[in-house]
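Both complexes shown next keep subunit A, but they swap its partner, so subunit B is in the first and subunit C is in the second.
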Partner chain A sequence: MTARYDRAITVFSPDGHLFQVEYAQEAVKKGSTAVGIRGKNIVVLGVEKKSVAKLQEERTVRKICALDEHVCMAFAGLTADARIVINRARVECQSHRLTVEDPVTVEYITRYIATLKQRYTQSNGRRPFGISALIVGFDYDGTPRLYQTDPSGTYHAWKANAIGRSAKTVREFLEKNYTEEAIATDKEAMKLAIKALLEVVQSGGKNIELAIIGRNQPLKILESKEIETLVAEIEKEKEEEAEKKKQKKTT
Partner chain B sequence: MEYLIGIQGPDFVLVAADTIAANSIIQMKHDHDKMFKLSEKILMLCVGEAGDTVQFAEYIQKNVQLYKMRNGEEELCITVTVAEAWLVGWCLCGLKICNPNGLFASETGVSFLALGKRGVKEGIWKGVLCRARVTDYVFWCVCTDLTRDEAVELLKKCLEELKKRFILSLPSFNVRLIDKDGIKDLEKLPLAAA
Partner chain C sequence: MALLEVCGYRDGDRSAGPFGTRGTVMDRSSHFSFGMKTAEFAVPVGVDPQAFLSPYTAGEGDVRIHLNHGTTTLAFKFQHGVVVAVDSRASAGNYIASKDANKVIEINPYLLGTMSGSAADCQYWERLLAKECRLFKLRNKERISVCAASKLLSNMMCEYRGMGLSMGSMICGWDKQGPGLYYVDDNGTRLSGQLFSTGCGSSYAYGVVDSGYRYDLSMEEAYDLGRRAIAHATHRDAYSGGVVNLYHMRQDGWIKICKDDVAELIHQYALESK
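Up next is the complex of A and B:
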């Protein structure tokens, strides 16, 4: 039944689905996980690094990209599609600065990316972008923002979200653990992101890449040493929790 | 009747531009800044058609930023083929990470690497005068073994000469120094007291 309605993007199915867009969302679910957290003075993006082949240079595979000095994004899905979207977004950021003489707000650039994606769901001969993006940054009034876009061209603001493989597991973890005290300090927000990723990432800290933007600060991608330190702290906290529980049981 | 001058030392570049914005014979502004910061260590001085200069410079500024975003580092060597369309003569200078200094000048779209003879003794310089239009002058030179103070002295001498020989009076100049630590504002010349 679906076979008749999923050939072309520009065809609705009788029950109102655009199958190509939904298949694009499936493509996103195949991509490696990315998580975004909006703290008070910091926004955090964490991605699962795909294991790199032995002969491959690690630095050429980058999933977190700066769009402007105060905005950056991570994506899940087809890397090549993401490159196009990121390129267009970067040009738009500078174009906005040239004409309006103000840096873009996070919402503006998200809307731009979402409009771009939507255009590709409504024209002939083109397929939708197979990526979901998490766009984080600070507006010029200092408010931190996190937005998520998906292949259909919709976007929403989030406090914390995950996309890609096992996004649902991570999102449930975040729903349980995203509290005011969990994001009280910058470090706590970073640890929350790592904890969320550790739920689904095998082999721990080596496969995690973390980036943060602080208010009025440029994008900072954490070194693997720093991530190792944070992971070690998380492990220690977990052990302490386990100890406490054991003591409670015995007493 | 605008004037730009650049002096390239071994590890710095000293530039000065006059601060007059004029419309035919009327002086519209006496504090017009003709230097545009393209990045932390690249400065561009632009003279030419009113409006064109600013538009061109801002366009280049944003494109340099875009290049920075895309490539994670700054555009060190800018070839401006677009300059053909603009009635602008510009003088581009900045720190290149591979070579110590770069000083480029262009004359309405014709850009050429501006290097005087190297290996010249201290205090002696060779320069080339290039003209964007009859009335605009872009002047630059390259010297080795020049200290910063000597460069400033040289600049003062040039401006003295200009005051003596140039048909119009250009009362004040913006002076900036670029080295590996970035762009620094120096005092305006000529000194108000003098």
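Up next is the complex of A and C:
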């Protein structure tokens, strides 16, 4: 049945599905995991770094990109599609500054990206973008924001979310552990992002890339040393928790 | 589609300018153009309005279009917000077309625009600005800033530069950054400032306002200053007259203060000086 309704993007199936869009969402599920967390004075993006080949330059593989000084995004899915979307979004951010003399709000640029993706699900001769994006940043009134878009062109605001491979596991972890204390300070928010990624990433801190934006501060991508320090702290906290539990059991 | 590519057909190639080469209006709803790049006026194919008009607006020939900005408007910022005062005479050459024309457009409860120059141009473009401001509020769930509203108007003016528009406007409002006052005109000039006056009676109005202006005026003093400046300007300028429409832009929105006949005001000032 599906075979007759999944060739062209502009054809609905009898039970109301757009199969090409759903297949695009499958492509997203194959991409490496990305997690986003909205703190009080900081927004954090973490991605799983795919291990690079021996001869490949590590620096050229970047999954977290700045769209403007106060907004950045991470994606999961087809890297080439993401490049197009990011370029258009960057131009729109500057165009907005020129036309309206104000920096974009995170919601505006998310709406623009979502409108762009939706347009590609309703034209013939084109296929949908095979990426989901997590867009974080601060509005000019200082409110932190996190939005997620998907290939169908819908977008929602989140307190914390994950996309890509094993997104479900990470989201369940976040639902259990995203509390007011967990994001009380900037450092705690960063550690929460790393803890969430460590659930699904194989070899620990080496395969994690983390970026943060503080209020009125530009995007900062953490170096591997800083990530190692945070991972070490998390390990220590875990051991102390385990010790406490053991002591409780024995006493 | 592959077949379209092979045939050399390029979809979406219609020009984005207001006077596109095809001369057709594409039904492409763009939520991100802020009132620009939409063909507002239908023009025959192959006509370039700027080239057509330049001998009559900027050339050295005998025939020139002289556009008089027959009005007086003024606005100034002070400690309690912004005072906006305008006259109400609409003239067509030597004929007074109306003695109570409305030269202030109320865009929203926190934004006002004044009009001087060609009445048609002002009314049209400022109503278009009001439409864009309303759309902005619907799309972004918050009111547009004065800075952005004035920028949208000046963008529209820049797009039609050299095509014979005549408009001098002041956009006044109160937004998150406090009171705002911008002067926008048909050349695309956009200036932020404390005090502006436009129209052919502006020289007289500047004389009165400059001699009485202080930032720390009280509200009554500021209203009186605005009224006096317009009244004296209408007394000397043939193209200004009617009534003084006075508005005060405050933090919780604008209020209309008065609508005083200039003849009575001049009589009152004459009695005071005796």
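What we mean here is this: the second predicted complex is superposed on the first by the 251 of 251 C-alpha atoms of A that agree within 3 Å, B and C clash if a C-alpha of one lies under 4 Å from a C-alpha of the other, contacts with A are read in each partner's own complex, and residues count from 1 in each chain.
As a working rule, a contact is a pair of C-beta atoms (placed from the backbone, for glycine too) under 8 Å apart; a residue touches a chain by one contact, two chains touch by 3 or more.
On a predicted model such as this, the values are computed, not experimentally measured, just so you know.
Within the superposed three-chain model, A:Asp68 lies in touch with subunit B and out of touch with subunit C [touch as defined at top]. Number of subunit A residues touched is higher for C, counting subunit B against subunit C.
By the touch criterion defined above, A:Gln94 lies against subunit B but remains apart from subunit C after alignment on the C-alpha atoms of chain A. Look at A:Asn124: by the touch rule set out above, it reaches subunit C but stays clear of subunit B.
Across the superposed pair, subunit B and subunit C both touch subunit A at residues 95. Those residues of subunit B that touch subunit A in the complex are listed here as 58-59, 62-63, 65-66, 69-70.
Residues 66-68, 87, 90-91, 93-95, 97-98 of subunit A touch subunit B in their complex. Remark: subunit C residues 1, 4, 11, 31-32, 34, 36, 139-140, 145, 147-148, 151-152, 155, 176 touch subunit A in the complex.
By the touch criterion stated above, subunit A contacts subunit C in their complex at residues 92, 95-96, 99-102, 105, 107-108, 111-112, 115, 124-125, 141.
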